[in-house]
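Note that the chains take the letters A, B, C, D, E, F and G in the order they are written out, and that residue 1 is the start of every chain.
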Amino acid sequence: MSLKLKPLGGRVVVEPIEQEEVTAGGIVLPETAKEKPQKGVVLAVGPGDRDEDGKRIPMDVAVGNKVLYAKYGGTEVKIDDKKLLILRESDLLAIVEE
Amino acid sequence: MSLKLKPLGGRVVVEPIEQEEVTAGGIVLPETAKEKPQKGVVLAVGPGDRDEDGKRIPMDVAVGNKVLYAKYGGTEVKIDDKKLLILRESDLLAIVEE
Amino acid sequence: MSLKLKPLGGRVVVEPIEQEEVTAGGIVLPETAKEKPQKGVVLAVGPGDRDEDGKRIPMDVAVGNKVLYAKYGGTEVKIDDKKLLILRESDLLAIVEE
Amino acid sequence: MSLKLKPLGGRVVVEPIEQEEVTAGGIVLPETAKEKPQKGVVLAVGPGDRDEDGKRIPMDVAVGNKVLYAKYGGTEVKIDDKKLLILRESDLLAIVEE
Amino acid sequence: MSLKLKPLGGRVVVEPIEQEEVTAGGIVLPETAKEKPQKGVVLAVGPGDRDEDGKRIPMDVAVGNKVLYAKYGGTEVKIDDKKLLILRESDLLAIVEE
Amino acid sequence: MSLKLKPLGGRVVVEPIEQEEVTAGGIVLPETAKEKPQKGVVLAVGPGDRDEDGKRIPMDVAVGNKVLYAKYGGTEVKIDDKKLLILRESDLLAIVEE
Amino acid sequence: MSLKLKPLGGRVVVEPIEQEEVTAGGIVLPETAKEKPQKGVVLAVGPGDRDEDGKRIPMDVAVGNKVLYAKYGGTEVKIDDKKLLILRESDLLAIVEE
């Protein structure tokens, strides 16, 4: 089934990854930090924002990337019972390689 | 009947789509998220905002597109008993393909 | 009688149109929306704001256009007992064609 | 007597015009609007603000123009018992022709 | 005695002029305006701020100019018992010619 | 073990250095200052933010640099029980050479 | 002993100068002004901020300069029992020549 959402501008669609409490060698996100990042996988990538001359700024993430993103950002939608997020790329903090 | 509203700048006219509670394979928008996106169809598209040199920035959506947009945005008008919204394109989150 | 106000920069002079409650095939503005747009006719158009290089950005509306504008904007003046508004063009939402 | 104030940047010196309550065919400013514009005559005009490259942006008003300006703006000074205002040109709304 | 302060960027050093209450033909600053301008003489002028390309923007005031400036701005220092002000040029309203 | 986080844009990954209370000839961070900087070592460096034309702005820090950074900034993540920070380079104050 | 801090971007490292209460011919900073400037000597100078095209903007102060700076700015660190400040150059008001 192909994704039904095409994000606009510099936005991406991310599917949150449920987070195991402790992993061997994996990333565990802290419980007490005031700003908790979330982990997710990129499902769709917009065409990029435009610079001052109207040209597209290329996106730095690609479909399939695992990313950390700020928890407070984005807008939640549901597709076929999956909870997805539409985020701006600037709300993504890092790509996670595993 | 042709649309009587020509949006200015980077604005679009959107007709909200009433949302069925549950659909098979469709998009269901969450009830509990603090920021609920809405679904609608684009009825008219403005000429685009101007960049720093006064040139038009092309619009990314077209008449007929189904879009998700942030609920808080835009201004409501009624034409022939239809409730329409005038929104900035930057308030549109994604194009929905079905 | 010619208009006595020449708006400066990206401003326009608009004469509000009194709004009939219900019209057949016309635009009826909602009573309950938190941000109510108003309808008016453009009486005068400024020379346009300047871009970063000091060049004029052309105006998108012309004298005679019927427009919707955000209610909260602008400054009210009275000329010969007519209540007029001086608005920035960016406060205009759409041109209404009838 | 020549004016003793040379405004800097994009500023102008304006002498407020006392406003008759009602005039035949003249402009009468409303008493109830939340933002009341004032009428005045331009006594001096600054050299203009600078654009991003440091070049002057030409001023749109000239000495002698009658103008409407937002009441809240500017700084009041007294010269020879005349109360004058130093305003930014962007606080001027329109030129009044009579 | 030469001045010991070289202002940085778009700043100037101003020595406030004590203001006589009433002068014949002179400037008298109002007592009741909410924002009272002050009069002073420019003692030193910085090299100017830089524009977007890092080039200096020339200053519009010179040493010896009498200026009006917004009262709230600037930082006060004392040199040899003289109270001086370091202000941004943009806080200067007008040059006073007498 | 190689780092699993690739910071995006102008971000860096920093591992905080536990701070000894007093060191001979070392840097001791104050206890009473309202804004306390922290010391850490740079583990990963993003590709840099983009300028107005979409070109990368080179990063000024490199992997291995010891840096001072503002305490309030950044987002905390845990990798293999190490607490790391994802910070914008602009939150880094200085490189510490020892 | 050479300085161990290399400030980043448009930042400088300043060592505050303890201020004698009264000096003959010297600068005495006021006790009552709401914003008190401080005097210090520049110990290290960063490479400069970058302009919109990513090029460095040259710094206007040099190592050894005595400067006045706004008291509220900067971040305090201690090196070998000396209290130093990391400040942005834009928080420096003037160079003091003695």
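The rule we apply is simple: a contact is a pair of C-beta atoms (placed from the backbone, for glycine too) under 8 Å apart; a residue touches a chain by one contact, two chains touch by 3 or more.
Note that the structure is predicted; figures quoted are calculated from it, not measured.
When the partners of subunit C are compared with those of subunit G, no chain appears in both lists.
Note on connectivity: the fewest chain-to-chain touch steps from subunit E to subunit F number 2.
Once the centre of each chain is set as its mean CA position, subunit C and subunit D turn out to be 23 Å apart. Note: centroid distance subunit A to subunit D, computed from Cα atoms, is 51 Å.
Rounded to whole angstrom, the centroid-to-centroid distance between subunit A and subunit G, based on C-alpha atoms, equals 41 Å. Touching of two or more other chains is recorded for residues 52-53 of subunit G. In the cyclic arrangement of chains, the order starting from subunit C and heading towards subunit D is C, D, E, G, F, A, B.
By the touch criterion stated above, subunit G contacts subunit E in their complex at residues 25-30, 33, 35, 37, 51-53, 55-58, 60-61, 67-68, 70, 89-90, 92-98.
Note for the complex: subunit E touches subunit G at residues 1, 4-9, 11, 13, 46-47, 50, 52-54, 75-81, 83, 86.
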